[in-house]
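Below is the structure I would like to discuss, written out as structure tokens.
By letter and in written order, the chains are A, B, C and D; residue numbering begins at 1 in each of them.
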Amino acid sequence: MHPLGDGIGSVSLVQHMGDDQSVVNAARVSYGQDRPGSGPLSPRDAKLIRYLLAHDHGSPFEHNAMTFKVVAPIFVLRQWMRHRIASYNEISARYSEVQDLHYRPQVFRAQATGNKQASVESPQVPQEQAASLWQAAWQESYLCYQKLLALGVAREQARGVLPTAMYSEMYFSCNLRALFHFLELRDHPGAQWEIRQYAKALEQLGEPIFPVCFAAWREARSAR
Amino acid sequence: MHPLGDGIGSVSLVQHMGDDQSVVNAARVSYGQDRPGSGPLSPRDAKLIRYLLAHDHGSPFEHNAMTFKVVAPIFVLRQWMRHRIASYNEISARYSEVQDLHYRPQVFRAQATGNKQASVESPQVPQEQAASLWQAAWQESYLCYQKLLALGVAREQARGVLPTAMYSEMYFSCNLRALFHFLELRDHPGAQWEIRQYAKALEQLGEPIFPVCFAAWREARSAR
Amino acid sequence: MHPLGDGIGSVSLVQHMGDDQSVVNAARVSYGQDRPGSGPLSPRDAKLIRYLLAHDHGSPFEHNAMTFKVVAPIFVLRQWMRHRIASYNEISARYSEVQDLHYRPQVFRAQATGNKQASVESPQVPQEQAASLWQAAWQESYLCYQKLLALGVAREQARGVLPTAMYSEMYFSCNLRALFHFLELRDHPGAQWEIRQYAKALEQLGEPIFPVCFAAWREARSAR
Amino acid sequence: MHPLGDGIGSVSLVQHMGDDQSVVNAARVSYGQDRPGSGPLSPRDAKLIRYLLAHDHGSPFEHNAMTFKVVAPIFVLRQWMRHRIASYNEISARYSEVQDLHYRPQVFRAQATGNKQASVESPQVPQEQAASLWQAAWQESYLCYQKLLALGVAREQARGVLPTAMYSEMYFSCNLRALFHFLELRDHPGAQWEIRQYAKALEQLGEPIFPVCFAAWREARSAR
């Protein structure tokens, strides 16, 4: 999984608990008809899942969990960590020296004209020029970081010169309800292209675990 | 697991994700030394877990999950559900008729004299008399519930006459950090005896999954 | 505010912070144009609020707070406290003796035929008969509670015979985002009539503080 | 309030709700003795607050709120936003051009020898040399940002070259319970000096609103 296409950024699934059946069981406890254990879903089970998603019954989607290992640039992690119904542990640049790894856009996009916060691909952006500016900026910054360390400056301060394109890594855990919410906001035309790639990677990893839930979620989403 | 000793209340473990090693991995991502996968913990790993618990580093204990099925009286569930960092789905007395199942104390305790909210075992409480009052009260209430249903009153209203000793059931999911917090408050001398039995049952079910974490948690707790 | 019409249940506003302007300011910090302080909203401000609600931008609605004092039956509080993004403190029946106060329905409703968890008003429910059964059930239960206390049984146990129609009281604090979510679920045709009355009371108390937000929220809600 | 001493970083109190009395009221609802309204605290009230803090009774400290406007470098905000029981709205570098404002340390600290993530003041760090490296790094980065914008690169991408020392601004709201937790972790010898200055500023702004709570909290903290 290399969401950003530069061979560094990645998302992998570390562990998971629960499946479509555990969603159905959690919902069926409402009327005393949960059947612990997993197994193939009946058409009635699938219908129940569609009903829950169409009517915003979120809690049955919480009795499960996924942990992902993520490598992403800081500016992506900053958007990510605004999601509070989740768990995070990230590498500390106070503890460890930051490695010489940064995100390099494959395509530099232009500012969109209609939406003040969006961007669009455009032939008018000189790609090579942008890429070499970007690359030089990183090298200068990283060199300065190294020099500050060499002067004896503490890591926690020296990192202040490193740009938000630098890669960081984290463990991220959430349940399916929170994941759907994340995907609704972050795999969305209004989201930044970079975080959308991560959202799509989460989607690809989560869907095989909860195929019926994902199908129902797509359906409910497109009906809105 | 029959926490209340009357053969009805129970706690069982439905599913779980993660182990001692996943706590260590989440902590070690801080310095880029996580090693995905499980395995026996080294003494250094165990020392790290003790360090985390002694210094209130809670987040590494969040990358795991447990789901429990719980059968408990309403007054216990009311205390339980005050814990907000957790997921709940409970049987609905709007949807299903409440069954003729209620908690019967094995021992009726006396009001404590020092602590205004506590209770103590005391030879002065006439056990048989209390038990027969209790039993009669339930029967009257349940009979009235049945009569209201027979008159055509909706379940969601009729249940209003049923006492908080009635049994309900739920799915409860949380991570280890939240579980430890639950146990600190609910397996505590200040907690009501009944919920303590449930806390102890959760402890017995959780400990085999996270033996090193539980040992370190007990140690940190007794040091406070 | 007597939501349940029996002169006991009530909701009152204890304190509040923020107004429509503070929502606008929190949103405008996104582009560095917040203007601390309150004042009449411009048409542009109102348009921004409508935009935020129509596009699920929830966070600007969090920089405010309301505290309510609520007196409600236990079965209503049980539904209420499932809302986890809020703060609660409730009277303790371990500490204080429960008072002889219980909810008495003005109208007993029949079980709905289409929806298994709903109820409807129906001429076929014999109101007087239901009311006297209900009343007698409470009296029996409360009498038994008193007798158990007289035998020396601890309050925390004795309360187990009291029905969920008994009144309790609590402080409830939340922000406007959480309040809107509460209202969407609890002032909803699918919610139980009793909690809907409380939701409506919260609405009446909150709306004068945030008139533009409420107007925009109703608009967004009816557009869905 | 200029926490970092360079005349840019700042914390100000925007609005607040509640006081020491509202903590007492929320606690006293437990035994039906809340007295809505504010007023001077009695010695018994103060004793209750000390009791609550000494025994980890957190919920009465939640029925209040504070909103702060914060201007801080990104690396500080990254630590700050790990606190999930709070509300945030931050200026968007997708929407607005980032201003030429960055944090400049008054003192460059050395890496600590005992603690791998800490730093200490040391005469061996050549301050002027470090400061001019730091300053040059910012200027290079900011110039590159300007050049990328001039080439037509979208703001959301171009910002990737800006370092985490750049200033950002946000609205931050929380209740007193969450604030105490923040202060315990962030005004702590193990926290980075920079965020400690922000924690101290929050403390100075919060203490006059809740003087009795803060006094009791300091007492409980030093007793641990």
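Following the convention adopted for this analysis, a contact is a pair of C-beta atoms (placed from the backbone, for glycine too) under 8 Å apart; a residue touches a chain by one contact, two chains touch by 3 or more.
Every value quoted in this text rests on a predicted model; they were computed, and no experiment measured them.
**Student:** Would you mind reporting the rotation angle for the C-alpha fit of chain A onto chain D, rounded to the nearest 5 degrees?
**Tutor:** Between chain A and chain D, the superposition angle is 180 degrees.
**Student:** Give a one-word verdict, same or different, on whether chain B and chain C use largely identical residue numbers at their interface, taking over half shared as same.
**Tutor:** same
**Student:** Express in whole angstrom the distance between the two chain centres, defined as the mean CA positions of chain B and chain C.
**Tutor:** Taking the mean C-alpha position of each chain, the two centres sit 26 Å apart.
**Student:** Find the geometric centre of each of chain A and chain C from their Cα atoms only, then give the gap between the two centres in Å, rounded to an integer.
**Tutor:** Spacing between the chain centres: roughly 35 Å.
**Student:** Centroid from C-alpha atoms only, then distance chain C to chain D, rounded to Å. What do you get?
**Tutor:** Roughly 33 Å separates the two chain centres.
**Student:** Going by the touch rule set out above, which residues of chain C reach two or more other chains?
**Tutor:** Within chain C, residues 31, 59, 82, 88, 92, 95, 116 contact more than one other chain.
**Student:** Any idea which chain A residues touch chain D in the complex?
**Tutor:** Answer in residue numbers: 73-75, 78, 81-82, 84-85, 88, 92, 94-95, 103, 105, 108-112, 116-120, 122, 124-126, 129-130, 133-134, 136-138, 140-141, 144-145, 147-148, 151-157, 159-165, 192.
**Student:** Mind listing the chain A positions that touch chain B in their complex?
**Tutor:** 12, 14-18, 22, 25-27, 29-32, 34, 36, 59-60, 62-65, 67, 69, 87-92, 95-96, 169-171, 173, 175
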